[in-house]
Amino acid sequence: MRILLINPNTTAAVTEQAAAHVRQVLHRRLIPAEIVPVTGRFGARYIASRAAAAIAGHAALDALAANVAGCDAVYLACFGDPGLLALKEVSPVPVVGMAEGALHLACTRGRRIGIVTGGVLWKPMLTEFVAMLGLTERLAGIRTVAPTGGEIARDPDAALGRLAAACRDCAEIDGADVVVLGGAALAGLAERVQPQVAVPVICSVEAGARAVIATAGLAGARPALPPTESVGLSEDLARMLSADR
Amino acid sequence: MRILLINPNTTAAVTEQAAAHVRQVLHRRLIPAEIVPVTGRFGARYIASRAAAAIAGHAALDALAANVAGCDAVYLACFGDPGLLALKEVSPVPVVGMAEGALHLACTRGRRIGIVTGGVLWKPMLTEFVAMLGLTERLAGIRTVAPTGGEIARDPDAALGRLAAACRDCAEIDGADVVVLGGAALAGLAERVQPQVAVPVICSVEAGARAVIATAGLAGARPALPPTESVGLSEDLARMLSADR
Amino acid sequence: MRILLINPNTTAAVTEQAAAHVRQVLHRRLIPAEIVPVTGRFGARYIASRAAAAIAGHAALDALAANVAGCDAVYLACFGDPGLLALKEVSPVPVVGMAEGALHLACTRGRRIGIVTGGVLWKPMLTEFVAMLGLTERLAGIRTVAPTGGEIARDPDAALGRLAAACRDCAEIDGADVVVLGGAALAGLAERVQPQVAVPVICSVEAGARAVIATAGLAGARPALPPTESVGLSEDLARMLSADR
Amino acid sequence: MRILLINPNTTAAVTEQAAAHVRQVLHRRLIPAEIVPVTGRFGARYIASRAAAAIAGHAALDALAANVAGCDAVYLACFGDPGLLALKEVSPVPVVGMAEGALHLACTRGRRIGIVTGGVLWKPMLTEFVAMLGLTERLAGIRTVAPTGGEIARDPDAALGRLAAACRDCAEIDGADVVVLGGAALAGLAERVQPQVAVPVICSVEAGARAVIATAGLAGARPALPPTESVGLSEDLARMLSADR
Amino acid sequence: MRILLINPNTTAAVTEQAAAHVRQVLHRRLIPAEIVPVTGRFGARYIASRAAAAIAGHAALDALAANVAGCDAVYLACFGDPGLLALKEVSPVPVVGMAEGALHLACTRGRRIGIVTGGVLWKPMLTEFVAMLGLTERLAGIRTVAPTGGEIARDPDAALGRLAAACRDCAEIDGADVVVLGGAALAGLAERVQPQVAVPVICSVEAGARAVIATAGLAGARPALPPTESVGLSEDLARMLSADR
Amino acid sequence: MRILLINPNTTAAVTEQAAAHVRQVLHRRLIPAEIVPVTGRFGARYIASRAAAAIAGHAALDALAANVAGCDAVYLACFGDPGLLALKEVSPVPVVGMAEGALHLACTRGRRIGIVTGGVLWKPMLTEFVAMLGLTERLAGIRTVAPTGGEIARDPDAALGRLAAACRDCAEIDGADVVVLGGAALAGLAERVQPQVAVPVICSVEAGARAVIATAGLAGARPALPPTESVGLSEDLARMLSADR
């Protein structure tokens, strides 16, 4: 099984960090899958606003078109899943987003889900994303810490205490009985935070990857779309859109 | 008052058609506003899929960054409003989308809103858009006719009968007491369809423009966002994102 | 364009204050519309309870029947909009309520709407009104200050600090990114409060008037109702109900 | 126990019919309660529009103020319950509406509730009423027959077949597992319709009365409202509103 | 009228306490009904977890099958109503649960309902139960005190202060305008708590019983189920399931 | 990895069929997990009513207590998941239900989920189950065919046509873009139905198993419950409930 891991921001170090963590999860679970990591060609260094996310949707499509050939599934590895529905629409293989996959699996571990992530602007965006998934009723609350994912990636030790405190607030104030620690840049921090939190803390990078693997090869294909004529796009993306599948 | 009218698809003829209709509405209502039309630089010729809409969100941001200077408000003139929330976030002046504005005004004319548009793939996209607006309870139903907006624009007479029938079904089957005829390419068809429909039929191009005018200059500015570093974007867009407003 | 401005309470001074503010808005925006103000013939001096609002629904119908002839639109100028749907049902021209219009326009300026008004009993009534509009998902919260609209009208300076504090709480605690300052008696206070609040503050009197103007002449008429026989009503209202339109 | 039965329309024959049916129910169940019937002083002969219902809210308050002294509970005996929340607010004793009481009891008899009544304009009004009660999730559907309540009262035999067919459609098409036959004028028809319907059919007049009796004397009083000054109302109503309770 | 009162936990003292309180209510209201109390044969001594409630659903069915013959209605007398829908499905006479009945009647006394009960694990279970009833919109909040129902029953005086404080918090913080004091073991405490609370406080044992009486004999029977073959159940329950009704 | 597969009905042949299908899925995907199948000790032969499901909740707890030792995860292998939340509460290892797991994975394959199963009484039960999961917005519709799961298991060929037709109706009438074929007894039929359906058809037995595997070992444990005293239960279950974990 080959999984295309798309990081739709433009920082290759984040892509590598997420890919490394997923490979470690696969190895620990004896799952024989290969990860094909790819980074967005254009857009924000780190996605922390609606504008950056909107551009990232285009960048993710661009990355998909150039790299999906030969893959069995696609992991959209940004917590917030920019362009998710568009990728699902045109991809020849199943696509699962990091927040999408992590939240659906979290629903099987607890009744009310808390979300903790870095960057204060993510809260309204994730609120709408959860609503788009139809999971609002399952949401206990979303708490952000001030450092963004990028800042946490550069100095995770400095952020651990604040992340743990936010997770505890999700449990104790918001009533969450499971918390998703969200963000590609937070890969691996869940197990370090867990000892300080009374309810299960889920790593979004791992949970998203588990959801991708669970979905790959499940059921038949979606019907193809009619071809779309375009201008000014990369050759791969233009060809994917115009394909008469 | 100068209004930037952004058509986020890449067909200039649609931009001109929408701008002409808006100018006519303004003239008829004696409103002294100037329309500045702009067409997307890249993306689909006509937007009729999620992938095309995702790319159009980027194209609309790109058009905004290059053209908003000196304008008092922005009219995102595509029914489905690609990139709407991202534009609102970064724009220095109010932004109203065609579907957003038309649907909110329609809510003051009827209790249950019907939507009729061209292109069968729009139905799920508009369903989600209405949910994102929080107006699902007000929605009677969405009906699409097979010809897309582009096809209707090329031969409106051929589509009139089907559009009128869909409007009547909205009223009689779905229980709509007002119908929005949606789409830049359908500008001006509402009044031709009205005589065949028992409930009010609203032209989305006109209603959206009315909402833009109603919103321009209403209340103070939103707080500025922190600057965002990016790569691979147009110079104007990169500058807008990185601006320390 | 002639707009019938109905104040459904029985205090003419409030009617005059609202009409004056609307005329000022129209003048500033160069919109050539005439305001025809009318005050309720019976009911509470100030509407601050469900009973007063129920009676005001009848009074608004009574005022409509007596004064709508020759008007192009109706502005139900009480924040809470007593009798709104009944007026829409029987009126020959479009009717927009102050809260209705202000809230729909506010939705284009922010994702989550806060409401601040005077009189503690309004909170549950407005909660239900927002639900009736179908806008509950867009509501961040409703905050009332102790002085009623009537008391604020008599001494606005004394209330400014409390209104500004309530607006700030809407933004900072409830997460509103736009606040509607609601109430005919609060006409013009939004711009005085704005400098103390980080998010846009909307004047309900102005926003409602803008929504009336945006709606006037938009689309065709609603189907007529069957005539209703009645007893004990004013001659005008009885005639309007029994009309075989 | 004395129950004030308010018919908020202005047709005394409907009041008498409802009162007679309630007395029969009480007698059959050995419940020693007295019915005090009262008819609205002004408004529509039969309530079949939003305007008529808005006026009836005022008329019901007027009737309450003049007649509630010495009563232990109030039965607002019109299916659609005009003015319900306003009456609850000012009444010194519990108030239950016919639709309110019948629907809450129906919820204990079935999972999904169907409503059948006379007069096609009631459907949107009842849809909103059910939403106001918060019972929308429990609603299977609302079906109206063309003859209004008034017409059914004059010739019930002619309407029986259509009412039974509508009840069956509620069960078979809408999935209702209990149906409420709503309307003061339909008192006693449920048992005649029942043999033709596979699911339980509830008489709204009886069920509402049962709910009034179940609620009378249950728990303490609501806090009093501040007094309200008014003009142009009946002496009793003005006194009730201005009372410093 | 004979009412089967099923206590689905396995503590006969709670059954007797609830039955005694219901008999007192009936006597005070001159209602000639007989109470047939029965206690669960297996399961938890006190129900304070999901597992205990799941087992209690089976125990309640078992008790119903053995004792319903000759009864006119069933009162499932545990606040949380384990097995409620299953009992309704197979019972030959109407079944009303304590929480179900109390909450529906409470809806006629206030707009927003607070719930106070003993045992902290009940909060999520009751949240889901209220959602299952479709009454979430009417819920102001649920507050639990640390002592469980069993502990309160053994020393009610010690719990009164905490229960009153929780009721006040429901009113003042959550915005409840009526509070249901829930639990078989709290029978009779509502009237002792009422003087310390500004909004009506409803005794769930009394309100549930009133709802049972209001429902008994209302409308026809539900359609019978197909027979079900089983193994390992009590003879009475197996016979009830296999009955070809 | 050892997975306890609990069939909460009392027909061992269904248990074996489900276990065999899961083993085949694991083998095909090279996942080294062991299945430990167990059948309910008491209750209905086939679960096709609320009463049968309520008893099955107890039977599933009973099976869990007797067999969970040494297992890493629990698969509650009945589509409708009787007792699901109670099992999650007391189990020392993660529990995933067949419908729960299949529906959450289906959400990553389509926007609107259709459900097809055998036995007409399941429709309202599954409607409530989907609501309990919080997935109602994602549900396109539920369609049942007349033969129950038990009957389909005995003669799958006879049911294939009706199942395929129901799947097509889900897609074409209800608007589902993915369909879950639900039921332990329908194991393996999805791939036979798929060629006749235009949208992906998911086998609930396989999808549920994939979700169990995805969840096993994800994140830490839930907090333990306080011990519960009981009477009349199996020794294993009584011990599990009374355990001071």
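Every chain is named by a letter (A, B, C, D, E and F) in the order it is written, and numbering of its residues begins at 1.
Convention: a residue touches a chain if its C-beta (ideal position, glycine included) is under 8 Å from a C-beta of that chain, and two chains touch if they have at least 3 such contacts.
Please read these numbers as outputs of a predicted model, since none were measured by experiment.
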Per Cα centroids, the chain farthest from chain C: F
Residue numbers at the chain C-chain D interface: does the shared fraction exceed half, giving same, or fall under half, giving different? same
For chain A and chain E, let me know how many angstrom lie between their CA-based centres, rounded off. 45
Centre-to-centre distance between chain E and chain B (centres being mean Cα positions), rounded to whole Å: 53
So which stretches of chain E touch two or more other chains? 85, 111, 128, 137, 177
Chain E-touching residues of chain D, taken from the complex the two chains share: 29-32, 85, 94, 96, 100-101, 104-105, 107-111, 133-138, 177-178, 190, 194, 198-203, 206-207, 210-211, 213-215, 217-223
Flag every residue of chain C that touches chain D in the complex, lowest number first. 10, 41-46, 48-55, 57-58, 61, 83, 85-90, 121, 128, 131-132, 225-226, 228-233, 237, 241
